[in-house]
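First subunit A sits with subunit B, and in the next complex the same chain sits with subunit C.
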Partner chain A sequence: MRCARSLVRIQSLRALTAAAGGTVQPAATRKAPHARSLIAHEPCGQALRSLHTACVLLKNRPVATDYQEKSEREGEAAKSLVTYDDLFERAALEAKTKATFNQVLDVFIKRDIRRRGHVEFIYAALRKMPEFGVERDLEVYNKLLDVFPKEIFVPRNYIQRMFNHYPRQQECGVQVLEQMENYGIMPNVQTKVLLVQIFGEKSHPVRKYQRLLYWFPRFKHANPFPVPHQLPQDPVDLARFSLSRIANDLDARVTVYQLPYTDVCETGEEVTQPYVVGIQSPDQRHLLAKHNPSRPVFVEGPFPLWLRKTCVYYYVLRADPLPPEEKVEEPVDPERCFYYPLQLELDLERDLGDDDSFDVDEVDEGPVFAMCMAGRGDQATLAKWISGLQETNPILGRTATVFRLESGVRELQSAAEPEPEARPGEEEEELQSRGVKQ
Partner chain B sequence: MSPFCRSLTRRGRLLTLPPLFCPLLRGKKTFYGEYRRPGQPRDNTPPWKKIRFDFAKGVEGIQKHFGLLKDEIVQRFEGPEGRPLHEHLLEQTRVMWEFRGQESLHQWVVSTDREIGGRSEAYVKLGRNNTTCLLYGTLCSTPPRDGETRYSGYCTLRSKQPLASFDRKKHYDWSSFNTLHLRVRGDGRPWMINIAAETYFSHQQDDIYNYFLYTRGGPYWQDVKIPFSKFFLSSRGRIQDEQYCLWLDKVNTIGFTLGDKADGPFQLEIDFIALCNDRAHTEEFAYELYKRNPEV
Partner chain C sequence: MKCTNYFVAQPSVTSLSCDKNRTHTRKLAYAKDLFLGKVNKEEVFPYPEVSNEELEEINQFVSPVEKFFNEDVDSKRIDHEAKIPDETMNGLKELGLFGIQVPEEYGGLGLTNTMYARLGEIISLDGSIAVTLAAHQAIGLKGILIAGNEEQKAKYLPKLATGEHVAAFCLTEPGSGSDAASIQTRATLTEDGKHYLINGSKIWISNGGLADIFTVFARTEVVDKDGQKKDKISAFIVERAFGGITSGKPEDKLGIRGSNTCEVVFDNTKVPVENVIGEVGGGFKVAMNILNSGRFSMGSAGAGMIKKLIGLTAEYAGTRKQFNKSLSEFGMVQEKFAVMALNAFVMESMAYLTAGMMDRPGVPDCSLEAAMVKVFSSEGGWVCVSEALQVLGGLGYTKNYPYERYLRDCRILLIFEGTNEILRMYIALTGMQYAGKILTGKIKEMKKGNLGVMLNVWGKMLRNSLGSKVDLGLTGKDGVVHPSLTDSAKMFEENVHFFGTTVERLLYRYGKTIVDEQLVLKRVADVLINLYAMTAVLSRASRSISIGLRNHDHEVLLANTFCSEAYFKNNFWMNQLQKNAPENNDDGIKKIAKDVLAQRSYICSHPLDRTY
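For the complex of A and B:
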């Protein structure tokens, strides 16, 4: 670090001698043309100066450049209150990508060796990050932390260490880490090196970093139903993923009843066919085979399913719960499994306190026979699903199917009251008849 | 709260006051600050104006409290907590909350970020067959435009603190169990379970033990077992550096919070909340502590 500082000092001296010679070279020529468009104020002939340079050196600067620079800065400040948003907005005109974001950071870093106003700049950058789509990019966060000048905010004696040394800068550093935390990004060693260089060993940002490193790995795999950050783009793949998630059965088989396609018919109209993807497990098929065909089955939906921030809708084929007089306890077939008994009625020596069951009534609900997701939630699309299901479940051909569809989102199992108009044998579609929220 | 009461609570003596004073002193947690929104004027109405002096209310209160008192005295003769002793000694599971009828919803409080100026909505009602509790609503994570609040977007269902006669605090004693057992049906969103235990000092009053409740979504019910050793300590929404395990002998409330920043409708259906004793689980606390300033 010390040698770096002396290097910078030598460089500044050289530039100063050049300025004293009266040849103020136009600095803009050294820059790339796109960079010129980004910068309003160019450090014209300004010497690269270390922070610890004596004031005497300052006085040697040519007056004209100083004045010009000052007026430019004032003009910039007058334009907008938040000066650094401006930088980003100008970059955003070009393209909102990681490259332009990094460019803005580079421009700020090169503009002023003292990094004047870096706290405001970092806050502005944090606000703009989601806009540029870099809010989940660790490299960009590290680069953003790199904007802080190094070594200056490190406390040097115990009094500084005791009190909150450079509180605004530390808060800003914590804020960067907090945004990383909110987006679930794990900092790496480079972040730590930067933070230690900037704020010192035991500063608030380093503590925050330690907290992140403690808690993130603990909860990384806490979710038993993980959802990837990047959901599949193809709707059929997305439907496959979400259906196998909600089916909760590894034996369940996903069937694609119809792939999405667009066709142009003879009249020139475009006909788009939505996708229909269904899932059914062997247990569900078994249940459906035992279903009494005189009772109707219902296609209900759409029900929401959230996968991180996206919401998908699914439909359910189900029946009403059986009335208590029709319930039959099926004995387990002893030949279903030869390796171990499926039912044991041994009077083992159970202690009095070995009862681990819960004293609650079972929620009485109708059985679920199949689930599907479709590109369009109308009756015609779902009828394709039912007709596809009939190939494996012939009983559906003899059973009346009632469509209870709603355009809005509804709660599961809101059909508490039996519907008088739902007569078997007639298909009907209810639209917005019952809202979710009364 | 009058300054007299405030000075009492400051010195931490409220806990040792004779129980009959408590209804006078404890209003709706008015001392040390309910959340006051930025820019909202301070409520300067004197406390006696907030008390409803009403004869009907008095009669009602006497009926309720003396009824509770009678129950308490009679229950002593039955056994601990009004149950026979052999039941109390042998129980391995206990169903704490189940939902039967409308009055079971009175034990719960729903709140959203509306209190801080947000725009989420949440309602609670009985589900199908009146045997489940359905929490539904819309989440909206736009922060209020008051210049100070940075994050918003939460919905919470929280149980009320149990109260004995004359509004004395009562606590749940769960120390013979080690696992929380829930049967829920959600829509795929992650929730957070909050357990608040009784604390001694007033600066601990926001201490809450949390863990996550991940829902699968779909039409099937989901049994969730969470050991109490997994709950971590947080206060005012921040995980604390110093972690201690949850003491189960004085549990006040349990809550469910949604705040996953995904704007849109949500629903959570709860069948029951129970406790059980998982004998295979021997962990005492899942989060180890490290030295804050290690000597290298």
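For the complex of A and C:
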């Protein structure tokens, strides 16, 4: 019920704004859901509150009407959201960096001692932050909060404290914190000092801050496999990182089979060699050594791997699962251990009560022998990987390798590197000699 | 009749006539029966004795050896220089210590196991010498002794017994500790079929640099019954003179520094086919037998060391004064001496009980008992040496006193001749196998829901819960335990009975998959070791009172103290065994290890780390 009431209020507020200013503010629309979280207000506070609302409206109104009076300043800046966006866009022409972003903030702060239109400005700034690449910068957030005028919005008596004092400003403050939350930025003491200075001890932004501080540390290490914000730039390093991430085996060794390089051949054409990076663990090598050479192994891919916003593709070398008739359990050699029997000659099985295993339907999957990432997903490039693997896995020389590559996902390499014109002839020969089926 | 006094250890030659009667009764070993909740008291009561003549003989051997070790062996120097001086080695040879168990006909001393144990007490006063001698005769030449043919014995034993030749035992390889399947050394038959060519390298070979005769285990190709070629292990006697043998640099070790341990590499070493020990492809059995028989003397060795340390430490504790009181008046110091005395007493009792059992006519299989003695005494020894060092505090930590050397030396006891972990597996699994064979029928009936069997079991459980006393016949009218040890004997009986039901329950629960339950097996082995130790002290103390040995009241005190302590420990372990993994902490332990091993590091955040 309380929520409903506050919603109604928000809506009436918006109607008022619309009526007064004539400009519909998208920011207000965005804020509506947050208004729900605001503390309820007693009906008797209506008068007092409307007084504050009036203040806000008054502040808003000049945006449209008092414009001419302030024309000696860079007037149009104060007009609407669009103008603040303008401010940033003009700065963006120069360079989209933290420095220019800060400059814009400084310009705004210095322009008007009363910080007129700061709410709109902050919303605009929040939207522009990712563009300037400062969305993960705590310093910038603090600076942004600093735009709020201090002490004005702090409730001075219990009645103000009881009701939603300066709701738009508080919501705006909450919004700043919300954006920090979305980007996983942990506020610091300075943030708190600012918030307390601006909104007072028990205001909504301060409570939001407290909630952030309660939950963030608890969830900070929830992911056992964190992906760094800064991925390696070099594709080989990125491949190295991604492969060890998928393999998740401390013994697995990454091998760079080919470094990327560009060469100019005699005819003057540029030949680009894509990188080939593979990973294999000793266990996988062992599995592959036991593979029956009369059955083919498959190179499959590309499979996507998402690392935050980057998608990379990898290929696997695998075989079909063993048909049941070929599965032989090796009997334990009784003359294996010098010291104690490795198994008991008893006709007793484990009791059901002590069988802690779960009833799992296991889907039989074929073994994966190795994985790789390459600059190009064509067969010639992947064949280099296989021939590189052959050095440590001689069995591959006797086993047919079938390439089952899906075309289609080529975005990664297509933009950076052009398709090779022709495959070197010797490579093809090599392929054939190894009995590659296509 | 000597045969009736079967507990009297006799030289094997004199008792040959009794062998036939003995062998069938000797088949049962004592420790295995404990798994069924039975006490085969004839096996261990009364405590084995030696005849007066033998005792005199032992003493004749002992006094010169003791004198030699006290006067001519400079352990500090051996430790420092990491070499046993030649004159010391010659002294040992002159005393015949290189052939203690080699029969007299081959020029050895031909001593029984009991006498060997007695000498072991003194030899152990220097770890390096003890290990050198043990590597020579407990494992090095043991293969020839127990599995060699007459020609091999006649050819090699005389020189080995005098110490002219030193023996070494070559089993361990870089890739193979206790796993026979990963032995890489290979012996290939030459074309004329008269020689084998051995190729491969062996590591951590005690005496590897000194030895002239090696017992080498290598893979050979054997045609098995189905006509298929298979790789099997064979044992060879290899002389250094055969050529192609190189010894590596001696390892720089923590303790037993004077003993020589190094890598031995065989490069196309040509060994005549006559030098195969046992049959071709039978090396696995030979290796097992050598390893199993080589362990028992460690109990007396540990006891000998602790007895000497008690003397040294007590001297210090009696003279050192603090606050006008000597150290020996402080309770915590007193406790350390009690621990040392208890351990020495138990080790001694176990070692000589086992030696006595082994000396009985027939070929008793005491490998289980020997393994228990090894585990108990190596761990007890480590604790006691550490406690002795603690009494001296900082002084004990310096090189001015021998404690740090003893501490370093005795650490190896937990590792070699089968690590204690592996031996615990051996102890528990051997017993489980034995009990399992007998109990399978009953357990299967129970699982099928046979009412008769189940009622029987429930009846037993009901009787136990009502507190009926277990009586296995150790005390009372036909009792074998002296009345002053009645309480301890009762505790022991109760433990044995509980152990029997526990083993049955474990077999019911795990069946043959118990092999994979190492934490369960560890407790089973620990309980069994304690039970055997209790047996040994009860038996020994009973004998001591009965024949009125000096200070037998002290022995009774030690026995009672040890038994009540062991009783509580056993009950604790067996209660844990009755429970499921989450309740007895096994799950937690496994999970901790899994987490740590998955990351291969300690994974907790630092206590000073922050998240905000």
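Structure notes:
Methods note: the second predicted complex is superposed on the first by the 302 of 438 C-alpha atoms of A that agree within 3 Å, B and C clash if a C-alpha of one lies under 4 Å from a C-alpha of the other, contacts with A are read in each partner's own complex, and residues count from 1 in each chain.
As a working rule, a residue touches a chain if its C-beta (ideal position, glycine included) is under 8 Å from a C-beta of that chain, and two chains touch if they have at least 3 such contacts.
Worth saying up front: this structure is predicted, and the values here are computed from it rather than measured.
Looking at the shared chain after the overlay, A:354 reaches both subunit B and subunit C.
When the shared chain is aligned, subunit B comes close enough to touch A:365, but subunit C does not. Of the two partners subunit B and subunit C, more residues of subunit A are touched by B.
When the two structures are aligned on the shared chain, A:264 is found in touch with neither subunit B nor subunit C.
In the superposition on chain A, contact of A:159 is made with neither subunit B nor subunit C.
Touch criterion met: A:186 reaches subunit C, while subunit B stays clear of it. Contact with neither subunit B nor subunit C is seen for A:328 once the two complexes are overlaid on the shared chain. In the superposition on chain A, A:220 contacts subunit C only, with no contact to subunit B.
In the superposition on chain A, contact of A:343 is made with subunit C only, not with subunit B. Counting contacts as defined above, subunit A residues 218, 353-354, 356 meet subunit B in one complex and subunit C in the other. Only residues 171, 178-181, 232-233, 284, 287-288, 291, 418, 422-423, 425-426, 429-430, 432-433, 436-437, 440, 443-444, 447, 507-515, 580-581, 600, 611-612 of subunit C touch subunit A when the two sit together in their complex. If you check the complex, the residues on subunit B that touch subunit A are 86, 89-93, 95, 98, 123, 127-129, 131-132, 134, 136, 181, 185, 187-190, 212, 214-222, 239, 241, 261-262, 264-267, 269, 271-272, 274, 276-277, 286-287, 290, 293. Against subunit C, the residues of subunit A that register as touching in their complex are 186, 213, 216-218, 220-221, 250, 333, 335-351, 353-354, 356.
The touching residues of subunit A, when paired with subunit B in their complex, are 202, 211, 214-215, 218-219, 222-225, 227, 242, 245-248, 303-309, 311, 314, 316, 318, 352-361, 363-365, 368, 371, 409, 411-416, 436-437.
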